[in-house]
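Pasting the structures here.
Here chain A shows up in two complexes: once beside chain B, once beside chain C.
Right after this comes the complex of A and B.
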């Protein structure tokens, strides 16, 4: 797994505040779902393509994204064309492009940490009411990133061990030990975190 | 929430992500190998319970929003969430919570035949019912196709989902025997 889909750069899109980009994306998304006009959708899709170009990321690096997008869009357009006719199919395809391309531009130009900060700010009213704890969300994200390669490696090791013993690996024989090991691991990690007194809670400050 | 809850949520989210990186596993004689990642929502509910299971999936969704390639095939980013299949992603979240809630309410103890059947029903309600309840209207709204058409198009995936229900229940049974845990 590559660490992130973010591509470093110095374009205007890179420099725009993450919160602003997210807010614009949400507003555009709602507007696009509400409209059915072909010219508007076509203009929005073009603008989205322009945004992706404006990220300065070479087209070659976008091949993976393009393949996934083409697959989903093609499938939806084909289904709509068969069921509803060509006009609807064009509208559906344009709407998907208009929604996904700007979102791709934001993903390419915004660091994960900046997005996390923006989300934390957006969620701060919830935090003030005590519904969530931003520091705990940060810790959880860090833990996931730390343990994905670990667990993926363990899955590969389990497969090899089972193959060496001549066990035919099915989903159940592979996933059960993987989950049990993960749950056992979680206990050890939780103890280690508690032993280090992290994250310091508001109510459990060191005395 | 204790530290242990937090770590369980994070490690289960990591497990769901990791399941997306391992190659698809063939199931018996079925022509379509299952990608284990979509099992994650059902498993999170069955094994962790409604709150922790839902939060584990929510954490995966958060990582997708943050632009990390955590979905199978290295997909991620805001585009996945706002795209035609975004509703299914949010549906996983609801699905994990619903599955977990039903199991905690009706089959909390050791799993005999009755509890196993209930767990399978919980997976169908959460992992299929709740997921499609969000996914289909979302697909209909994004593409502009009607609700009934979107439902028809999504129905193709239901046989595969039923296979996943069976796998999820068998896995959860095995895990419960090896490592009994309270559902929360």
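Right after this comes the complex of A and C.
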């Protein structure tokens, strides 16, 4: 699992402004939630696959993500089929693909800092009203991108350690120690962020 | 770079860890050794205000760590034992730009500093790599670069070689030896600090020996190992 997905490149998607990509993604997301038309959803999913292809990233490098996406999509389709019938299940599956594939294309072609800058610019009107600190939201998103693979790695290490001791791994035996480790780790990371001069002083806010 | 500890006591998580430390430190390379739990990492944290004294005063270049914490942190960089805790951005170049951006530097200047720091250690090829995919030694050097881009006068290292294999340890040792800045290094790796200018031995929250490396390390090995 590699949520820090960005792959350097020179494709048109790489060169497109991060803000434009995020705005397009948001607009597409809203439109896809509002429509239930199977042909439209199928076309959007195909377009999403086309965008991933246009990133220039070899498909074999995306196998892990494809497997994860297939699992999630399969589960949603199955549950929807049982609850709402086959038509709704197909629509739900196509909607997920149409939402996730373009998002994958954007993260493959956009540096995290560019995404965060765009996010902070988008949030700046709220900051001017004193409702939020946009840089804090940006840092929180960066930390999620950075530490999801670390936490996944810790989960794998815990599973191995438990298996080595003959413990049958289940949600509780895994999640409780994982949460404890993650909270301890969060303290250490917060300390390191402090040491690196965050938050910037009023006269030091990044330009 | 002068560091002044004036009868400093400090606690971590409500537990007293340092008791009445006093010292004047002005040497270019200072080592700190001691058993696990002796307070040496806490002593290191005092130096850039990560830990504030309960009593007494810590001054770095005349700046009080309690009342001038931001100014102290601009001058004192801190390299943590586990670089995974220190690297907060998903891509190396982005992480290196984080500190300079906190200093208010424009994006281009922060990126230029990051590029120069990586080039200095022959790590330019790592700039676009995902942070979590680096080797232990690469991560530790990237963590050092992330401190150096802020151009501190003093770099404090908390057990920088503990998690590394021999080859990576040698790379980090060479990096520390080549620093232009003053350095304070907490370490169990006695070979790392044997050529330093001064070594403090810490035990049970007190400085129990303070001397040139050879006699200080001999004292440590004879009494506490």
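Quick note on the criterion: the second predicted complex is superposed on the first by the 127 of 207 C-alpha atoms of A that agree within 3 Å, B and C clash if a C-alpha of one lies under 4 Å from a C-alpha of the other, contacts with A are read in each partner's own complex, and residues count from 1 in each chain.
One rule holds for everything that comes next: a residue touches a chain if its C-beta (ideal position, glycine included) is under 8 Å from a C-beta of that chain, and two chains touch if they have at least 3 such contacts.
All values reported here derive from a predicted model rather than from experimental measurement.
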| query | Touching A:55, do we find chain B (first), chain C (second), both, or neither? | reply | neither
| said: According to the stated criteria, A:99 is in contact with first (chain B), second (chain C), both, or neither; which is it? | reply: first
| query | First (chain B), second (chain C), both or neither: which does A:141 touch? | reply | first
| field | Touch count on chain A, higher of chain B and chain C | value | B
| Touching A:185 in the superposition: chain B (first), chain C (second), both, neither? | both
| Looking at the overlay, what does A:8 touch: chain B (first), chain C (second), both, or neither? | second
| request: Using the touch definition from the top, say if A:197 reaches chain B (first), chain C (second), both or neither. | output: second
| message | For A:91, using the defined touch cut-off, is the partner it touches chain B, chain C, both, or neither? Pick first, second, both or neither. | response | first
| request: Would you tell me the residues on chain A in contact with chain B in one complex that are also in contact with chain C in the other? | output: 2-4, 6, 112, 139, 143, 145-146, 150, 185, 189, 193-194
| message | Quick check: in the complex, which residue numbers of chain A touch chain C? | response | 2-4, 6, 8, 111-113, 117, 139, 142-143, 145-146, 149-150, 153, 185, 188-189, 191-201, 203-207
| said: Per the contact definition, I'd like the list of chain C residues that touch chain A in the complex. | reply: 48, 50, 70, 73-74, 77-78, 80, 82, 84-91, 94, 97-99, 101-107, 110, 128, 130-133, 146-147, 150
| Which positions of chain A touch chain B when the two form their complex? | 1-6, 22, 25, 29, 33, 36, 64-65, 68-69, 72, 76, 79-80, 83-84, 88, 91-92, 95-96, 99-101, 103-104, 106-108, 110, 112, 115-116, 119, 136-137, 139-141, 143-148, 150-152, 155-156, 159, 169-172, 174-176, 178-180, 182-187, 189-190, 193-194
| Contact residues on chain B for chain A in the complex? | 1-4, 6-15, 17-19, 21-22, 25, 27-28, 34, 36, 39, 43, 47, 59-60, 62-63, 65-70, 73-79, 81-85, 139, 141-146, 149, 152-153, 167, 170-171, 174-175, 178-179, 181
